[in-house]
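The next part holds the structures, each set out as structure tokens.
Next, two complexes with chain A in common: one pairs it with chain B, the other with chain C.
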Partner chain A sequence: MTKSFFYQISSFAIALIILTGMILLSGASPLAIIASMWGGAFGTLDQVARVVSTLAPLLLCASGLLFTFTAGLYNLGIEGQISFGAIVAMIPIRLFQDVLPPALVIVLAIGLGGVGGALWGLLAGALNVYGRVNEIFAGLGLNFVADGLALYLIFGPWKKEGVASMSGTETFHESLWLPTLANTDISPISLLLGIAAVVITLVVLRGTHFGLQLRAVGQNLRASYVLGIPSTRQLLSAFAICGSFAGLAGSLQVLAVYHRLIPSVSSNLGFLALLVAMLIGLNALLILPVAFFFSALNVGSLQLPLELNLESSLAGVIQGMLVLFALLGRGLSETLPPQAIRRQIAIWFDKKQTAKG
Partner chain B sequence: MEAAQILPILSVAIATSTPLIFACLGETITERAGVINLSAEGTVMLAAMTGFAVAKTTENWGDISLLLGFASAAIVGVLIALVVAFGALTLKQSQEAIGFVLALLCADLSSFLGSNFVRIPGPTVPSFPIPWLKDIPLLGALFFQSDLLVYTSYLLIFLTAVYFYRTRAGLMLRAIGEQPAAAFARGTNVILMRYFYTLLGGALMGIAGAAFALDFKAGWSHRHTAGYGWIALAIVIFGGWNPLRVALSCYLFGILQSLASVAQSTIPDVPTQVFTVAPFVLMILLLVLTSSDRLAILLKRLPPIVSRITTQTIQSIPPAALGKVFEQD
Partner chain C sequence: MEFNRFGQIHRTAAKVVKLSYRFWQIAALAMLMGSCSSSPTTTGSPQASTSDNPAGGDAWTVGMIIVGPKNDAGWNQAHYEGMETVVKTVPGVKFEYVDKVNPGDRPNVTGAQVADDLIAKGAKMIIFNSDDFKDDALAAAKKHPDISIIHISGDYAWKEGKNFKDQKNLSNIMARMEYGKMMAGCAAALGTKTGKIGYLGPLINDETRRYASSAYLGAKYCWENYRKKNPKDLTFKVTWIGFWFNIPGKTLDPTKVADDYYNGGFDVVMSGIDTPEAATQAKKAADAGKDVRFVHYDFKEGCTLAPGICLGVPYYNWSLPYRKAVEEARSGKIPNEFVWLAPDWKDINNPETSILGFLPGKALGENTKFMDEFIKGLGDGSIHPFKGPLNFQDGTPFLKAGETATDQQIWYLPQLLAGMEGPSK
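And then the complex of A and B:
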């Protein structure tokens, strides 16, 4: 614990040093950036609300990804699972918005969104398990297919009255929008779903037989198969669970955020959740704080172009750097224990001594 | 369609494909050595930004600014590949994880660092028709009336194919991707060679970025080359990790792209999304067909010659040790 802790802290520090250097080189002041981002994330109630509303889909996706990571899978198809969930969530809205009571339509849309995401995830899973296609490439390919499908719908069958545009489909009636807390962006339902996902993930992965089997499959697929764990079913369930969480996130993007289907409705949330999942390893307890931090970075960075004339993509740079160095630090702690470094330094020091003498 | 209509489609296709040729051959070399460089999307983007920024800043120095642009783009590619190689080969971490993080990180980095170079005119690679050859009917107009970058890509395809299949070093390159233990037993430093080919592939991906920003999609804007890195990864698979087939797949993709723009006006019934999504669907289908045994079973029923030729043309089997950690002691 202490050893890996040491490496984690140092990798964190190195990432921060490099970031500071980069910011200084680009002629900006790191302190001004921190102040501006802090203000951007927590300055007003609206901004805090935006942080919280970005948090909900992130919690869902990161929780789902913990299942696939536990099973040893890189579910890069999560972006497509969000998009497909959003697309499927649109179906009941378009069909029943004038027929059924709004509350029922909302429930249907959320539910079907989850089912859609699960199906898209299962498709990647089936390609992986039965077609022996690497899940990374299957997932990446399916992301583009889902995005293409959304674009096709927006410019084809579901196009706006009059002229189709990149701004998406027609905004649907306000009665179908997820209710928000007093004029802010916070949707209690989204947030509850997100937190429920984290709790379910914690309980299932740590406290159930299924979680144990999933871990066995992830650690050694062959061995778990030989031991009689239904590994195919485990892998497919991991894909389906992750897909359904992502699909829920997609339906929330439609119901609570955009109130219509837009191109690239996933807004890179899936990839951001992948970064969260990679940073925390397999520790579900860390989902909430890390996802909150990443969400605050994203929202806070929107202030940078306004105040400091800097690109808001700095948030992505910070997130990427942290994860990259966490991965490298983890690698260092495995291949290069501190004793080895100390020994190396001692040898080097000895050489210097003998060279002098 | 008549020849007069097809010619512009094909020449647009070649122009679209050229940067991808560099990126895909780079990735092919890296993957044949057993390393996946998943950072392609970020590498191409950051290299495009760097190449454009350097060429723009040194614009007054004359033609050398272009060379500097390409060189700096290649260096960016090498540096990113170095991180992948260090993480994957020295620290033995997941190549996919590190490559993926770099893909996102470098894309954002390109937006952050390149904000001063957005949408301004910059130097571009001048056209350079080859004397005599350019006058050959049809072929001349298609292949020999472009610029040095395009000719370099032809040469690169040829050289990579020859290197892979006709030289001893190429044999070793394939060996460290297929049977690293055997290659090591024969005295090859597998890790060192993998470092070398990862960096070489990274350099080519960097050049691909510059090829976009200084030639085929001249200039720089927010996420200027978005999508091309992922497409490059798909094309390498579609091309079955064989340089000639990878190059052909690049051209096929180029034709699809230029058809997409034509189709919009001539056959409006077909949604244009079909053309952008097609490469990925084709890649997945091909992978399903060839990685499972179904194709082999199907082909056994055909006459041997037919089945052999089909297998050679569409088989897509990854290098056996691709993405796997090799313990070299």
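And then the complex of A and C:
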């Protein structure tokens, strides 16, 4: 058993024990919760479809975040990058929905969504690199700005005829909706884009010179700079790539899910993707299974209020705990070797024995 | 020397920055957990569950998708309790629901998806309780043609309406609450001492313009005819918060809007939103010695929030149309109609026959007699507030002298009326 594996497994076990304790304390049954969330995620075709359709933006965002994490950046602005991508994707839809062929409008919307997200990411990057603003603050600040912009548009210039409403802008024409499978929420195009993002991420981060440079920048910015790696360019590229993936996810939220711009168009999926990215470390191979798991948790959680009278935000607590303990396990594995822990346990046992004797 | 010192400071600063960077990583993580694990809610209610009817077994299930918290002492609670009453009075009916279905409380969940889940659990009828669900209701109706879909306050099933969609299993139900709002406005006019009435509005649409304007017409009538005062001395101001209830960061905070009214010389605030901020803030202001009153909305028990300063409450009695729809759908006929019910003028507070009622509050005092007179007049048609001459807010004519408004003119009221303050669009 390798060192880090030992810590990962133990931290996972501890997280499960604590979660079980919390659930029992709140008067619910952990087994009932697992059963109802499982049923909520895979009980009907509609629900499976929803898991898959939530998976697509998660794959895109988590892939993007691997670039920024590799470069040593915490891109908390991902929510804003999704929202801004969604906003920009609305522009060709509003301008050309009655003018150009639907397929062309869809392609334009997806493309511009990606560009919009990239710009929003670059803005955070520029604030970070040139303005010396910590990227966490830059990102969170820009999240508020993007959110505010969406609200302004929904209640202002883009409001429905005679109605300004939190339910969003007017639904656009059905010919512009991304096609879905068999009357469910699955959009094959979204899913393909999500999977393509994972593949691109795997290839670029593992197999290219750019990926190597990004890793160097992430591990030691100063040293990589001294060694002649154009670190500024790499940092900004990481922001732009992450932003463009997030922007794509935003355009898909508009084209495949809501068919309009709504106030919380990012649906917290960017934050969920951050949890995915933190949990998997820098291992892009794990994006798909972990994102699928989180997507199922997210979708299944709707059953908690329906069946068990529990807050559906419990799913968020579960996700948060898993990530927190995974990080803790990883952190400990870097500082304390397992032997040290075993020694500690042995000493503790010895003391107990002598106390009894 | 100076340069050296500067360099030292710079190095120390760099160290601090490095340390704090680590801190912020952790802080960011904590923040992330917070944002993922909690959603803004105004109440700590359990959100949904099932009401089993003793009949059990072959229960006929009704699913409801509720936009806000089911215990909001307003719109949502009125729907929830209306359906509960149906469960108690009609044997063999089971009630399942999910509340707080809105993008703020439940991100990544749409009304149509909740409908899918409720139908998967056996629901034969789905009720969407907010105007904001109109697209979800239509999508659900298209996807499940054998299920009765009822959308409250929409107009897609209205053949004579502007937005008719030919969808056989979709119905709309609404009360002619403009009458209730006129009564509410009258109560506000009878109760104000400063002549300044504030209206706490939700978002701006046909329905809310209709209600705010009806409230104003009722207030103007009673101000002129019972208080014997000049309409020019009556201030009627509407502030729209942006949604049916507070969503932190996305709407104006109704608590603050209500406070601003009470602190700004408006001694009566009328609620047009789903939640009771007009009442709770009035109570606070009254406890602090201010001479203020409120008019509640939606929920029959509304005045109990602060009985001494309540002028009255127009309320919905949803059990009446719900029972009818359930019985119709159960007999095999899928309802497909636009139902816009007036109160039972013989007794507007009869729960068996009237979809809407008005309960006068204690604060009306001896003015209650005027209230009764006004309601009687509305009922027998001797008082008709939607009768010309009436102008829109921008001065353009709405109704010529003697002309009465049609249903379409009332439902799709395009502007607030002349004499009202506040935006129309």
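Everything that follows uses one rule, which is that the second predicted complex is superposed on the first by the 343 of 357 C-alpha atoms of A that agree within 3 Å, B and C clash if a C-alpha of one lies under 4 Å from a C-alpha of the other, contacts with A are read in each partner's own complex, and residues count from 1 in each chain.
In this text, a contact is a pair of C-beta atoms (placed from the backbone, for glycine too) under 8 Å apart; a residue touches a chain by one contact, two chains touch by 3 or more.
Keep in mind the model is a prediction, meaning the values are calculated, not measured.
In the superposition on chain A, contact is made by A:263 with chain C only, not with chain B. Once chain A of one complex is fitted onto chain A of the other, the partner contacts of A:306 are limited to chain C, with no touch recorded for chain B. By the touch criterion defined above, A:278 reaches both chain B and chain C.
Once chain A of one complex is fitted onto chain A of the other, the partner contacts of A:317 extend to both chain B and chain C. Using the contact criterion defined above for the overlaid structures, shared-chain residue A:155 touches chain B and also reaches chain C. By the touch criterion stated above, A:332 is placed in contact with chain B alone, chain C being left untouched.
By the touch criterion stated above, A:171 is placed in contact with chain C alone, chain B being left untouched. In the superposition on chain A, A:133 makes contact with chain B only, not with chain C.
By the touch criterion defined above, A:27 reaches neither chain B nor chain C. Touching of chain A by both chain B and chain C, each in its own complex, is seen for residues 74, 76, 134, 136-137, 140, 151, 155, 271, 274-275, 278, 310-311, 313, 316-317, 319-320, 323-324, 327. Of all residues in chain C, those touching chain A in their complex are 21, 24-25, 27-29, 31-33, 35-39, 46-49, 96, 98-99, 102-104, 106-110, 113-114, 116-118, 120-121, 132-133, 135, 143, 203-206, 240, 242-243, 247, 249-251, 414, 425. Residues 40, 43-44, 46-47, 50, 54, 74, 76, 134, 136-137, 140, 147, 151, 155, 162-167, 171, 183, 185, 257-258, 262-264, 266-269, 271-272, 274-275, 278, 298-299, 302-303, 305-306, 309-313, 316-317, 319-320, 323-324, 327 of chain A touch chain C in their complex.
Residues 26, 74, 76, 127, 130-134, 136-138, 140-142, 144-145, 148-149, 151-152, 155-156, 271, 274-275, 278, 310-311, 313-317, 319-321, 323-324, 327-328, 330-332, 334-335 of chain A are the ones touching chain B in the complex.
Interface residues of chain B, counted against chain A in their complex, comprise 38, 83, 86-87, 90-94, 96-98, 100-102, 104-109, 111-113, 115, 227, 230, 233-234, 237, 271, 273-274, 276-277, 280-281, 283-284, 287-288, 291-292, 318.
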